[in-house]
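Structures for review follow.
There are two complexes below, and they share subunit A, which is joined by subunit B in the first and by subunit C in the second.
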Partner chain A sequence: MSRLFFREALARAMAEEMARDPRVILMGQDIAEHGGSYAETRGLFERFGPSRVRNTPVAEAVTVGLAAGAAAAGLRPLAFITYLDFLMLGLDPLVNYAAKLRFKSAGQLTAPMVVKATAGAKGQGPTHAQSIEPWLMNVPGLTVLAPSTAGDAYGLLKSALRASGPVVYIDHKRLFPLGGTVPDDEQTIPIGSAALRRDGRHLTIVAHSYMSVVALEAAALLAASGIEAEVVDLRSLWPIDWQTLADSCRRTGHALFVEEGQEVCGVGAELAFGLRERVDGLRVARLGARRAPVSASPVLEAYTIPDAPRVAEAARRLLG
Partner chain B sequence: MIRKFVIPKELGDSIEVRLLQWCKAEGEMVNADEALLEFETDKAIVLVTASQAGVLRRRFFNDGDWMKPGDVAAWLSDQADEALPAADAVLDDTLLVTFDAT
Partner chain C sequence: MLELRVFEQALLRQPKPGFQLLSRGQEATAVGVCTVLAASDPLLCSGRSIGIALARGVPAGGLLAELIGKDGGPNRGRAGRAHVSMPSVGLYGAHGVVAGNLSVAAGVALAQQQLQSGAVTCCLFGDGACGAGALHETLNVAALWRLPLLLACDNNGYAVSTSVRDGLGVERIVDFALPFGIPARTVDATDVDAVVDAVAEAAAAIRAGGGPRFLDLRSVRLGPHSTLTKEERPAEEVESFAQSDPLRVYENRLRQQGLLDDAAWSAMQARVQARIAQAERFAADAPWPDPAEAVLDV
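Then we have the complex of A and B:
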């Protein structure tokens, strides 16, 4: 295992997949000579050249549309959307074209493309910091991934670039300053597999992306007062690893769903319903952002988004 | 006098940094305006240059190690033979340096 910055894990995944498959191309704003908004494509333009690492204009609908067309025509494009918020501009080609292509063509055409976007609040305000991944989970035909560690980002991005249909890979601004261990040999992580991050017997905390980091901090707070929380990191929002989740919930009998986005029609709402169908007597609670846009004020941003003390408090409430 | 060099806490959002390389060996003289070490954040490569001379006496990390803002990375002394305190001693004086980020 090597310790890498989050961006380095991504760069390695892309470089390996581009070397393995000449159909993989990258397209996005500032990804060529500049090396990417998060320095995650540094070195790839120099190595793979301008035909495979392409800058695009500030026009997300065009970027996603081009990627969908290129995918249908036989390439495997990875389209970068700097902030997940801006994917709103590219939803029509993603949802109405790419995600439905296999269904509309009776399997004659597919769109093996990846949209990589960065979500999350870190001082960017109401239109550059949202977590809208449940919107995407709602779309038949889309795979939605959201890792929380450098190692998972590496393994999942590789799987995404080999997948048969459109994948939205979502990371988080607060994950980039963190280092993480990545296997030295080439490995992938299967899509649809959650990870058990911490064992516990009193409740299960389910989270994804940066909230998995927060959930682990909350579990440490709870442990200090004798509450043992199991933490499950979803990694894949669609498909959902019901087996891992249900197994954990059967052990603990209590599930707290934590997300950075809105609770209404959120990840937790879907998971709570699905797990109540699968686990008899399961008690559930959810914690998401307060019902307001992400604020440009650091004070209000922190007030809106769940943090470890609020997660721990929600866990104590759930356990009664 | 023995002075410490501390990884600065004013590194934006950085939580961890990686030591790329020492530019001097232990026991070597570091003159003012000479590079001491180079480290990497999640966004930038930072070259640390001494603004005052000293002998590099102790390096607390090796090339490739991960460090945190606030970590003491090195001790330097005015004289090569000044006695050093125990490794866990907390020094008050800080080496003056400049940072160049690329």
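Then we have the complex of A and C:
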């Protein structure tokens, strides 16, 4: 195992997949000589050249459309969207074209493309910070991934670049400075598998992306007062690993769903309903952002987004 | 062109023809483009796709089945008129979102460039798509990357009820392409020979590595926007379209050149009617899809 920063794990995954498959190309703003908005493409332009590592204009709609068309015609493009908020500009080709292509062509055409976007609040205000994963989970035909560790980022991005249909891979600004272990040999992580991050018997905390880090902090706080929380990191928002989630919920009988985005029609709403259908007597609670735009002020931002003390408090409330 | 016209008449005879956007009046565009470009040249189009799909080589029986939602069509009835595709003849598909196929076509062209296929990707889009940002983003990146892409406006003069004059701020549609340095031509697309010449010139330039080309292929829509839309254009204007009917224009030319007489014309019509009758039988015999197919290939 090696210890890599999150961004280094991504760069390694892309480099390996580009070396393995000449159809993989990268497209996005500032990804060539600049090395990516989060330094996650550093070295790839120098190694693979300008035809496979392409800077795009500031035009998300055409960027996603290019990826969709190129995928339909035989490439495996990875399109970078600097902030997940900006994917709204590219939703038409993603949702109206790529996600429907296999179905509407009766399986004759597919769009093996990845859109990599970065979610999450980190002081950049209302339109550089949103977590809109549930919008994407709602679309038949889309796979949605959101890892929280460097190792998962590596393994899941590799799987995404080999997948047959459009994948939205979402990372988080607060994950890039974090380090983690990555296997030395080439490995992939199957799409649709959640990870048990911590064992516990009193409740299950379910989270994804950076909120998995927060959930683990909350679990440590709870442990100090004798509450043992199991933490499940979703990794894959669609497809959902119902088995792992249901097994954990059966053990604990209580589930708290934590997300950085809005609670209304959120990840937690979907999971709580699905798990209530699967696990008799399960008690559920959810915690997401307060219903307001994300603020540029760190004080206001912190007030809206769940943190470890709020997660711990919600857990105690759930346990009554 | 005659086959396209007769096919659409057969479509309208179906018990439930559905929501269709007919190609009547725009056949020279479809036939002209498909005469020049081969099946190895990817073709994408708007939801006004029927004539284009036929001209590209989608079998008439299968297309008719597809349009009414039956199995037996190239997409087993799932796609219909707005999304029909058939990659085996290079039809990457219609798209029901106005301007939605433009950036996708640029991506298909990028793949051709990257894979060095030598193919010309062509996207046909309506005049209604020209006010959308997608066209301008696509023109920019096509020029920037010198994509082997032919952007061809299938211009029938109207976006539903809004004329080009009322909907677009430019004098001529080609004016959209010129700031990007993309060579552009306005073409009388009621004349199939003119379409063939213009597409051949553009395709040759693209194949020679000259980057994208833009054509404004101007024709007329002989009927209303769709089978569910009332005709709202002034009656005298609609009547005047008869002179611009590409089928009549071409028939007259062939007669003047001595290449067609009444006997040959009748024989040709009989042949086409027989082919389309066969297509009607195919569509009538085609089964409805199993409802469980609604959740396959998602």
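Here is the rule we use: the second predicted complex is superposed on the first by the 320 of 320 C-alpha atoms of A that agree within 3 Å, B and C clash if a C-alpha of one lies under 4 Å from a C-alpha of the other, contacts with A are read in each partner's own complex, and residues count from 1 in each chain.
The rule is short, and it goes like this: contacts are C-beta pairs under 8 Å (C-beta built on N, C-alpha and C of every residue); 3 or more make two chains touch, one makes a residue touch a chain.
Just so you know, these numbers come straight off a predicted model, no measurement behind them.
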Checklist entry - For the three-chain model obtained by superposing on subunit A, do subunit B and subunit C clash or fit? => result fit
Checklist entry - Which of the two, subunit B or subunit C, is in touch with more residues of subunit A? => result C
Item to check | subunit B versus subunit C as contact partner of A:Gln243, first or second or both or neither | outcome: neither
Checklist entry - Which holds for A:Ser164: it touches subunit B only (first), subunit C only (second), both, or neither? => result neither
Checklist entry - Of the two partner chains, subunit B (first) and subunit C (second), which one does A:Leu75 touch, if any: first, second, both, or neither? => result second
Next on the checklist: After the superposition on chain A, what is the angle at the C-alpha centre of subunit A formed with the C-alpha centres of subunit B and subunit C, rounded to the nearest 10 degrees?
Outcome noted: 130
Checklist entry - Is A:Ile25 touching the first partner subunit B, the second partner subunit C, both, or neither of them? => result second
Item to check | Touched partner set for A:Ser297, first subunit B, second subunit C, both or neither | outcome: neither
Checklist entry - What is the contact status of A:Phe176 with respect to subunit B (first) and subunit C (second): first, second, both, or neither? => result first
Checklist entry - A:Arg7 contacts which: subunit B (first), subunit C (second), both, neither? => result first
Checklist entry - Which value in Å is the smallest Cα separation between subunit B and subunit C when the structures are fitted on chain A? => result 30
Checklist entry - What part of subunit A is in contact with subunit C in the complex they form? => result 25, 51, 54, 56-57, 59, 61-62, 64-75, 77, 92-93, 96-97, 100, 102-109, 140-141
Item to check | subunit B partner contacts - residues on subunit A that touch it in the complex | outcome: 3, 5-7, 38-39, 122, 174, 176-179
Next on the checklist: Considering only the defined contacts, which subunit B positions touch subunit A in the complex?
Outcome noted: 13-16, 18, 40-43, 66
Checklist outcome for this item: Residue positions on subunit C within touch of subunit A in the complex are 42, 74-76, 78-79, 83, 85-88, 92-93, 95-97, 100-112, 114-115, 133-134, 137-138, 140-141, 144-145, 296-298
